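Once you scroll down, you'll see the structures, which are given as structure tokens.
The same chain A turns up in both complexes below, where it pairs with chain B and then with chain C.
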Partner chain A sequence: MTKLLEILTEIRPESSFSESHDFLDDGLLDSFDIVMLVSSLDKTFGISIEGIEIVPENFRNLEAIRALLRKHGVET
Partner chain B sequence: MLCEQIVIIGTGPLACECVAAARATTPRVSCIAPEEQSMSRLPAICRRLGVEYRCETDRAALGRYFEAIRTPTLVVSAYNAYIFPEAVVENRNLLLVNFHNSLLPRHRGRNAPTWSIFAEDSETGVTWHLVQSSVDAGDVVMRTPLVVAPLVTAVELTRQTLDLGGQTFKTILPRLWSGDDQAVPQAVETRSRPHKSTDIPNGGVLDLTWEPHRISALLRSVDYGGLPVFPPLKVFLHTTEYRVGRYSIAADPAAPHRVTVDPPDVEILGDGLVIRLILAGTNEQEAR
Partner chain C sequence: MNFTFRDKRISGILTILPANERSFLEDMKAFDFPEAKSLKLKLVMGFDKHRLATDGTCVSDLAVFGMRYLFDRGLLQPEAIDALILVTQSPDYIMPPTSSVIQGRLRLKQDMFCLDINQGCAGFVVGLLQAFLLLEQESIQRVVVINADVLSRRVSPKDKNSYPLIGDAAAITVVEKTSPGEPIHASLKMDGTRYDALMIPAGGFRLPSSPDTAILEAVGENNWRSKDHLAMNGTAVFNFVQTEVPPLIDELLLAAGLSRDAVDYFMFHQPNRFMLEKLADKMGVPYERMPNNIVEHFGNASGATIPTNVTFNLGRLLTERPLRLCFAGFGVGLTWAAMVMKVGPLAFCDTIDYAEEREPC
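Our next item is the complex of A and B:
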């Protein structure tokens, strides 16, 4: 399991993130989960995701989150 | 009153838990989101459970909807900012219960976890109460305490209270559904003015002359992890205004009392804490 999937599964253990193309539409994550995710990503990868980046487009699926991480210089 | 249907009003994780619990009790459940939420699980959960869902942001329309209900209905206000008008509260077909994330009557109104942290409470909790016309003032159905961890932030404590709200709702739901609306009046003498959404601890100003434990409490009390609940805290150094950008707080029992200010860096030691702030210029300064 990738580090990103590990973090997501810690936040919502009951959800199958690898099978979803839209975490929000599929009801896997909500705004509180995303805040927790941002905090975990910041700590794990030593980055600083800004408030203006906390928008649905950046957290819709694994690829969107990976793209956000790439903007911060992180390859997962 | 024996209820025949359940209406959940709310948007966040607590509304999701309440919808699931209600749906396990009866198929006659519907859900109303009183505000648009682009990052809510609620529409998907309702879809999955076959629960009717609609978003209604028009307060007058919401009032008319609740006023017009003629079937005995349990209405669950699940972390919901819509305030029921008098005419809805007086509709005798409704059993209205509201969730509040503090131990009422302490910290009535908005952003209760913020005020618990700012007050350095060692304990907070959740309250389910009947709805009366005054905000968060109704008789208590259930109060459940929760320990406030030493370095918890507002977003973390909010999440904890919402989780606890979901658990406790499952306990009270059978009672309410069967028409048992027994509740205990709140302690009138300790009621205070409810906090408004525009109220910010200490007016949003961080005073570096405060003891470190108070600085820690203020920083954590407005920390919603990027959710736009409060504007950044302000710090005044001589005549210059800064905003608090990032901060960190770590426990260090051996930390001596010391404050080092070297903008943009500030380090505050003491009370067993190491607090580091990064200050940013004001919007005006950055525009120049």
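Our next item is the complex of A and C:
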């Protein structure tokens, strides 16, 4: 399991993130989860995701989150 | 829009908090929310405790209690008040203005100006702006600005996005003319096209409250509110703050000819810890110069949050010496406003608990 999947699973142990293409529409993540996800990503990878980047499009699926992390120089 | 004011000052601030306190972890039990997740949220968002007015406590009760506290201690003379501005979104009545109710309950003089302003989280700066404008008049020497809300009564206890963070409070700020000193600078912007990002849909004349508007509706997972309750588009509000506030502060400091380092403290409205930390990161302001503990201790009490931040975190300092403060509030309207000014030494800068009085509102 990648570090990103580990973080997501820690936030929502009951959700199957690798099988969803839209975490928000599928109800896998809500707004509180996104806040906790950003906080975990910041801490785990030593980055600071900017407030203006915290929009649903950046957290819709694994590829979107990976693209956001790449902007901060993180490859997962 | 930029403003400059001269020869005016804040002479004292008093925060009044309901004594009734609830804990975030208690609240979350009602949502059938996993305890581990609640603990993480508590840490990240800074939710811990919040102060809520008991049923029947109105804005004028908190305000009158605070004003009497000041009168009884000789910190403010009733006859010296030339204008009273109340900034609230939870008035005692739709009509008359609650500022008039407060004036009447305190038996203040008739030769004065009372005004209600319907504003929320930007309401401290908006109230000060209005007070400074009034002080341009020869007949007005001293203005009392009261920021007060009991909005918890309009937040669904089953709305886990809003209920754990809401707080009730009142704050009294006395503003007056003074001898020449450093000018006060302010910037204000409004965008009514986004009016529905934060609103209570029912209860006005557009949609009067009725049995239908009181019906709880599902809004997300295990989350319920009615049209009589406060509704917040959290994502839209978060992005509004992160997008609009940093350039507003840049504009303000540029107009004032000040660097960020010239500001002692950035006393901002506090929706939650996470949002304010992201704002501080974006602005390059160290966390210790942007106090961020009011939601944690008392909840978010709308326009009263900034003065609560000042009295709770800087109360003692400000009675001893002046500090250059940058205030910023952002919220309903949408409205975002900031002000930079020297504050202190103040005659008073205290936080007190409200003790219920028997006089009905």
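Note that the second predicted complex is superposed on the first by the 76 of 76 C-alpha atoms of A that agree within 3 Å, B and C clash if a C-alpha of one lies under 4 Å from a C-alpha of the other, contacts with A are read in each partner's own complex, and residues count from 1 in each chain.
The definition used in the following text is that a contact is a pair of C-beta atoms (placed from the backbone, for glycine too) under 8 Å apart; a residue touches a chain by one contact, two chains touch by 3 or more.
A quick note: this is a predicted structure, and the numbers were derived from the prediction, not measured.
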item: Side-by-side fit of chain B and chain C on chain A, or clash; value: clash
item: First, second, both or neither for A:Gly51, with chain B first and chain C second; value: both
item: Partner chain in contact with A:Ser39 - chain B first, chain C second, else both or neither; value: both
item: Larger contact residue set on chain A - chain B or chain C; value: B
item: Contacts of A:Phe17 with chain B and chain C, given as first, second, both or neither; value: neither
item: Touching partner for A:Asp25 - first (chain B), second (chain C), both, neither; value: first
item: Superposition clash, chain C versus chain B, among 27-35, 81-89 or 171-179; value: 27-35
item: Overlap of chain C and chain B interfaces on chain A (superposed complexes); value: 27, 30-32, 35-36, 38-39, 48, 50-51, 54-56
item: For the chain C and chain A complex, residues of the former touching the latter; value: 37, 40-41, 44-45, 160-161, 220-221, 234-235, 238-239, 241-243, 274-275, 278-279, 281-282
item: Residue numbers on chain A that touch chain C, as the complex places them; value: 11, 27, 30-32, 35-36, 38-39, 48, 50-52, 54-56
item: For the chain A and chain B complex, residues of the former touching the latter; value: 24-36, 38-39, 48-51, 54-56, 59
item: Footprint of chain A on chain B - complex, ascending; value: 12-13, 16, 37-45, 47-48, 155, 158-159, 162, 224-228, 246
